Structure formats: structure tokens, C-alpha cells
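Per-chain numbering from 1; labels A, B, C and D assigned in written order.
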Amino acid sequence: MGGIQKKSKMFKIKKISNPALKNPILIEGLPGIGNVGKICVDFMIDNLEAKKFMEIYSDSFPSSVFVNEYNLVDLPKIELFYKKSKNNDLILLSGDIQPTEEHACYELCNLILDILEKFKGKEIITLGGIGLSKIPEDPKIYCTANNKEIIKKYKSPLINSNIFGVVGPIIGVTGLLVGLAEEKKMSAITLLAQTFAHPTYIGIKGSREILKVLDKKLKLSLDLNSLDKEIKNIEKEIMLKTQKIITFKKKDKKQETSYIG
Amino acid sequence: MGGIQKKSKMFKIKKISNPALKNPILIEGLPGIGNVGKICVDFMIDNLEAKKFMEIYSDSFPSSVFVNEYNLVDLPKIELFYKKSKNNDLILLSGDIQPTEEHACYELCNLILDILEKFKGKEIITLGGIGLSKIPEDPKIYCTANNKEIIKKYKSPLINSNIFGVVGPIIGVTGLLVGLAEEKKMSAITLLAQTFAHPTYIGIKGSREILKVLDKKLKLSLDLNSLDKEIKNIEKEIMLKTQKIITFKKKDKKQETSYIG
Amino acid sequence: MGGIQKKSKMFKIKKISNPALKNPILIEGLPGIGNVGKICVDFMIDNLEAKKFMEIYSDSFPSSVFVNEYNLVDLPKIELFYKKSKNNDLILLSGDIQPTEEHACYELCNLILDILEKFKGKEIITLGGIGLSKIPEDPKIYCTANNKEIIKKYKSPLINSNIFGVVGPIIGVTGLLVGLAEEKKMSAITLLAQTFAHPTYIGIKGSREILKVLDKKLKLSLDLNSLDKEIKNIEKEIMLKTQKIITFKKKDKKQETSYIG
Amino acid sequence: MGGIQKKSKMFKIKKISNPALKNPILIEGLPGIGNVGKICVDFMIDNLEAKKFMEIYSDSFPSSVFVNEYNLVDLPKIELFYKKSKNNDLILLSGDIQPTEEHACYELCNLILDILEKFKGKEIITLGGIGLSKIPEDPKIYCTANNKEIIKKYKSPLINSNIFGVVGPIIGVTGLLVGLAEEKKMSAITLLAQTFAHPTYIGIKGSREILKVLDKKLKLSLDLNSLDKEIKNIEKEIMLKTQKIITFKKKDKKQETSYIG
């Protein structure tokens, strides 16, 4: 894996362990519309007790730090976890942020593809949201991919794959990872759940629909009943990390905080 | 053509074929005001049954993907087609996007000029719109160029070439390609049709006027009657690719989609 | 110190002297929320009669100049001062601006850490504000750090270190310096005072609270009574340097100035 | 002069002639507040019949072209003219645009200083505006510099040099050229005229005051009576080049043009 670090000047890789994985499937879920991708992957990491094996830092990430649960600071980072299983070894990719500049997003996606290639991974699932102007009561799942076969593999009554002319550009790592996978001859699909387009909305309903599909297709044995419970922690983290203007809670009275620094 | 790829770190060229062309004229039409340039070139590609021979990708293009007619993802790209004919061999340049950063636009234009030079092309026609605050009923065509001779060549009662003091900066590839062509000793002209300045307006009337001029001057034998029919597909593509906020159509009810990812 | 200059292409170091310091503590205070950090450090520089030993210039800083007290121009710069004492040698870092681009902020922080490493410094204190929507009458101090030990060291009834879930991202050099210090095995803490979030607010009350803590913990013998007097000069400087739109005062009548250049 | 071209990757120099100049004074006037600098220098170029000897192009300039008086396109450029005289040889720097990115502005200023150094020039005068919220009836001139001596040299009852605490940052080439000149041991002053802050305002009154000072101090024998006449051409050019939204004049009716491309 040492070779990866040399390939990218923009990203810094911190390797925590070097797991032996068998053709792992990579599942990506970064902050985005309704935070659907992040909710799904963070829940899977918790529920499957996946182990972190790599962190990615970058000077193209926001020049700020977060306060973690130990009241200490953390640099913004992307994290990779693994979960070995008899069905499918998984690499779960989560993180605090997405790159905002175009070329940094391209370079991050290519780095992720390089990492997966080292593990001889051949398949990628990216997760995201389709932002609606109202909160959907019964959110539907849509998919698109870089080949027809993977769409067949994940075919389900829950998923609508007939989306040409319906959805516009798929923005960020969720879309670009699928687009760039072709060059590496990797099969890649994106699952998109309808959600509310508000930047701090926690699209738990749409996330649940995606998790149902993944649970069944990948035989994950997820405890989906615990999603409501775990969502509290994820919600808190998202509120703290994805907003610049947050509510500063004091015991005696409420005051709003804006920028800190 | 291998040399081109080495010259640019920002762009990646995918060569599909290596056509033998005789001093081809390059006609450019990328998304822009009223989408006039894109409509004209996309129509010519369809109507002349031009063949694609090159695709250009870049990490300076938007970090997003589009859903194509096969319900699969496409990376944003610029495409080059050719059409051989007894009158004039043509290279038709179309695409999903224009670079947004200044230096990327300069580098793309220089790359296009390099490509044309390899084919010993000596002439460039760029197409664009002049955005008005109202939809023009009878849109006029204006032109400017990097030399007087090419203005004479394309002289027509339909074209007004007396535009100093009338139009402001000509923005993006449409303008810059003409400006940079001088250094390569290539003759370049831009034809600009009046259109409505709204970002998603489909300037079909202005496009028709430009196509009339090109049809006559280049003896293209275009079937201009089919423009209205073909415009439907082009309109759909432009709506999907050039807007971030689109209308998400469901059968049962209407909902608006904003960002996806 | 010559080695530092080679490491960074983005920053230019002007060395004024090469003081012999004993494991200095670096205290950072750049413009930011309520200008709390800048007020504190500028006051300490004046009150402790610290000596300037280094200036940092950069083409990533704003492309503008300021008028100084001699009616001459100054380039935007970051300045480092030192103060030797029997308790703790100090490096005080002040400046006109913070980098606005992410990667420039990362590179500046790494440069500052390199400089401190040359002096065998092991500890960093960054100062900033937490912007509230109203002017706080009795501003509280919060802290976070890159390790538990330094939080204990600076523990005080005045400081609240239980801030997980309360504050969002800590933006700019104030946060990033603490986050990046870990790699250099340096201990780093940030002290944040509640203040009013308005960009030109002079958060003197919050600054005073931070200065009280630093005075006691570092045995600085600051003359805090002179803060109100000195604040006038600091306020004037901040008004002139951090605002693009200022009030242009003429003797006969008032006129507003906006951009100059 | 060949060495300059190698020093900068961002700028491309087109040398037209290689005049023999004796310690020339460089006078800069680029588009800016009230367009005061550009008006003054463009007028001096015309009135002194200065000769163009150099053009500077850059892929950091806007990716657009302008239509010139011959109805042909021009790339955005900076132009250098010279005027030999028994009193002072002059280099007059004019142009269509200013760089918008910080580092491009730093690099352009350093390039200009390199050029002046080749000609053994030792003095720089930059011209700009101080934008007020109302049109000043009797605009005053202010100055600042990188040394006291040049302020004395240009001292005049018309100029106020006591501006500390009165003006904020001096933005762009006008300010930065003065700030960066110190490193080259060049003497540099900026003259700033009060003007109206509106982006397309033509600050002719303020420009006249600056021209009066330059005429007297540099013994230029300018025909200031012709300023009103020549201002028409300059106004037209500024309107066309500095605005993105212009009025598109047709003979039959008025229509507004916005973006072209």
C-alpha cells in the first residue's frame, strides 16, 4: 500500500492496519443531500462492528477542526473500515467532508479506486440522496451504474433504475466514483434515496430504504430496529460537522453561535 | 496524435479513431447563452451523421456525472466528431460543459488548437448567443473574427459584422478560441445569434439563423425542417445537464429536485 | 532557520533576529471572530515589550496594502515576537490576516510548526472567539486541545473544557494549528472566548477573560488595567485592516468610502 | 529582456520593440475604482503620443475576448508604452483588466518590477480611486508611498499625505506594486483621487486632479483641455470591457444584453 502515498501529493494516508480482504466490495457514504450516504455507512460501521484500517487527510479539506467526544480536536478526515464475512468482505468509506474543489474530488476518487485495486476489489456501491423540495413520506430508491450487469444484480422492487430524463447531475464522490470506476474496470452502482433537500436534514427514512436493500442483497444481517436509536449520535455529529452556524446551548439560556475561530 | 496527451496534464484524451481529414474546418458549439452553439453543433452532428473520433475528459470539469439514455452514468466530456465531404471536411466540437476556471479555459482552447493543427486545419467557426433581456422575435446574427478575410468569406445579408461598441466581452471557449487562434496562424470567426439570456432557454430561433448561414456557406445540405423535431432531444439533454435544480417528475405528483449526491 | 525558507514556496520569511529561546511556548492570535485572538496577542506584545524577530509574507495573502502610522504602505504580513522570562520564554504570533484558501492555511500552520520546532518549542496556545448572536455580558471561556494533559495544565474555574456537542468547527489557524500539532508531537490548546459574531466587533470583554487566564497560568505580570487604554489603538488597526468598507472621515463632512484601488 | 519570459509561467510577454530609456518612471493605471487610474494613463498615452513596446497576456486573465474598433477580437491584455523626453523618460502601463486571484496579482506586480529593473527604472507612480458613496463635487487627492522622500518630491497643495487611520486597504496592482517595490529598492508612490464607488462610474473629475499634479511635477505639457473630448473614447472602452451586463443598442429599439458566449 506504500505506493499509494507517493501517487498523491494532495492526500495523506495514515494506515492503521493492513487487513487481508477477499475481493472486497467498497460502500461509500459521505456527507451530502439529506446525509443519506453518511447515515447508511455510519450505521453499518456501528452495527457490523467494522474495524478502521485507514484515514485520509488533505490540505484540500476545510482548514478547520472538530471537537470529538473526548473534548479534543480532530482534523477533518475520510475513514476506511473493513468487515470480513463469509458472504462478502466489505470496505466501508465514511468521513466528515467532501472535497469542494473539482480537481480535489477527482483526485480523491482516483485515490479511493487505487486503494480498492490494491485489495483486488471489483465492485463499488455509492450511496446518496435526491433532494426534494418537501419531506417525502414514502421515499423511493433510484439507481444508476457504470454497467447493466450490476443494475441487474441489485435489482429489487424497491429500486427504480429507469431514471434517464428524471434526474440531473449526480454531484461529488457519490457520482464521480461511479463514473471513474470504468477506467479501472470496476463495476460500480449508486443507490439514491429521495430525501428533503435542506442542508442539515437527516434523511433517516430514505436511509432505511437503502439499508433494507443492502441488507438483503449483501446478506448483512443488520439490526435495522436499532437505526432509530443510533441515529441520535449520527445526527449530533452531522449537526456539528456540516453546519457552520449552529445553536450554542447553555443551561441558563439559549444563544446562537455562528463562526468560531 | 500521441503528442497531444503529453502536452496537457489537465486534460485526458480518449482517441476513438484517427480519421484522415483534408484541412478540416472546426465548428465549436458548447453550452452557453441560450445554448445556441450547442444546439447548432448537436443538430449538425445528427443531421450530417458525423462520426465521433475523440473525447476529452478533465479534472477541471465539474466533479459530477450525468445519467445517459441507457440509464448509465457518463463523466462530463467534450466530444469531437468528423464529417468528410467533397466541399469541406468538418470537425464538430460539442460537449456537456465549459471549463469554469480561467486557466482551464485557456488550456482547453490551446488543446483544441493543437488538435486542429495536427489535422492541418486552418479555419475555426465558433457559435454562441447574445443574451437579451426579452425573447427576440426575429433574432439577428452578428459576427467578429481574428481577421478581415474570414469575415468577408462568411459575409451574408443575415450577418451584421459592424459590432464594435455594441457587444461586450465574448465569454468562454466561443470567444477565447477565436482570440487564441491567431498565434497558430489560424483563421477564426464567431457567429453569435441574439437569444434570451435565461440560463435554460433553448434558443432555437437564433440557432436556425446560424444554421442557415452555415448550410449555405459550407454547402452542408442540412435538413433544416427536421430541426424542430430533433430539438426535443437536445432540449431534454440541456435541461438535464446544465441545470443544478431540475424538476423531478413522478407520475402521481410533481416534486422538485434540487441537488443530488 | 535557513531551511524553513526552502520548505515553503508559498511563504516568504524575513528574519529580523535569531533569538536564543528556551523551549518557548507559542501563543497565536490572528484576526477572527470578535478579533479576540488578535486583541489578546497584540496587547501582550505591547505590555510585555516583546521583540519582533520574524515576518512572513505570502502571495496567498490579500493582494492589497495597508497604510501604517507613518503614512507609508505595508504589505499584509504575519509577525512573530519573542519575550524571554524566567518562567516561560514566549513566541507571540500576530498578523494582519488569515489565509483564505484551505491549502494555504494548512501550509501556513505547518510552517509555523516548523519554526517552533527549530526553537525546540513543545507547546502551543491558540486564541479565538465563539461568535454569539448577541453581545455577551459575561463572556465565558472554553477550551479544547490535542491532548488531555494540556487541558489539565490550563484548568481554571474560568474555563469550560466540556464542549463536545456544544461547539462546531473551529475555523482557520486557531483550530488547524492545534489539529496539526499532533504530528509534530507538540502539545496544543485553544482558548475560545464568547463574543459577538459581527465581523468588526472588538471583543474586549472576552479578550480580558482569556488574558486573565494566561496571566495567571504563565505568570506574565500583565498590566490588565491598561487594556482599555491600549484597546483604542488595536481597534483602529482592526477597523482599517479587516474591513473593505470603511468610513472615510473628513473634517467638514462625513463620507463613506468603499473600495480603494 | 528575454530572461523575463522564463521567470513567469503565468504570463506571456509579447515584445514589440526594445526602446532605449534613461531611468524611466513607470506610471500605472489599470481598471479600478471610478476607473481613475485607467483614465489618467490612457489619456497620457494619447496626449503624449506614447509608443507601445510590450503586451502581457495571461491564462489568469478572464477567459473572454473583446471586440476592438476594427470589429475584430482582442485577448485581454496589459500594455506598456514609452515616452522619451528631456525631463523624464516614462513607461505608461495600461490594460483591460486586473488579475482577480491573489497570487496572480502578486506575480504580475513582480513581473512589472522585473521589467522596470531591466530598464534601470527607479521610480513608480500608481494611480487609483477612493470610492465614496456619493459623487464628490470637488474630489481631493491623497497619497501614500513606500518611503518619505518620494512623498516630499510629489508634495503639492493638491495632495493630502496624512492618511493613516483614514483609508483602508489599497487593493490590487495600484497598492501591491507600491508594497512590493521596496524589495527591489525602488521608490514608489500611489496617488488616489476621491471618486464615486459605482463600478462603471467614469471618475473624470478625480482623474483631472491627478493629471494636474503629474503634469506639473513631471513637466509633461499635457493638453488637459482635450480631456473632456478624449474621455468619450475611454468611457466607451471601459463600458464595453469592465461590465458583463451592457446595453445592446439597436437602431429600432432598445434591448439589454447580458452574457455573451
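By definition in this document, a residue touches a chain if its C-beta (ideal position, glycine included) is under 8 Å from a C-beta of that chain, and two chains touch if they have at least 3 such contacts.
In this text, all values refer to a predicted model and were calculated from it rather than measured experimentally.
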Review point. What chains touch subunit A and also subunit C?
Key: none
Review point. Can we say the copies subunit C and subunit D touch using the same residue numbers, with more than half in common, or are the two sides different?
Key: different
**Study point:** Label of the chain whose CA centroid is most distant from the centroid of subunit A
**Key:** D
**Study point:** Averaged-CA centre spacing for the pair subunit D and subunit A, given as whole angstrom
**Key:** 51
**Study point:** Where subunit A and subunit B are represented by their mean Cα positions, the distance between them in whole Å
**Key:** 36
Revision key, fill the gap. Going by residue number, subunit B touches two or more other chains at none
**Study point:** Chain-chain contacts as defined at top
**Key:** A-B, A-C, B-D, C-D
Point to revise | Footprint of subunit D on subunit B - complex, ascending | key: 32-33, 99, 102-103, 105-107, 109, 128-134, 136, 144-148, 151, 161-176, 178-180, 190, 192, 194, 197
Check your understanding: What does subunit A use to touch subunit C in their complex?
Key -> 59-75, 236, 240-241, 243-246, 248-249, 255-261
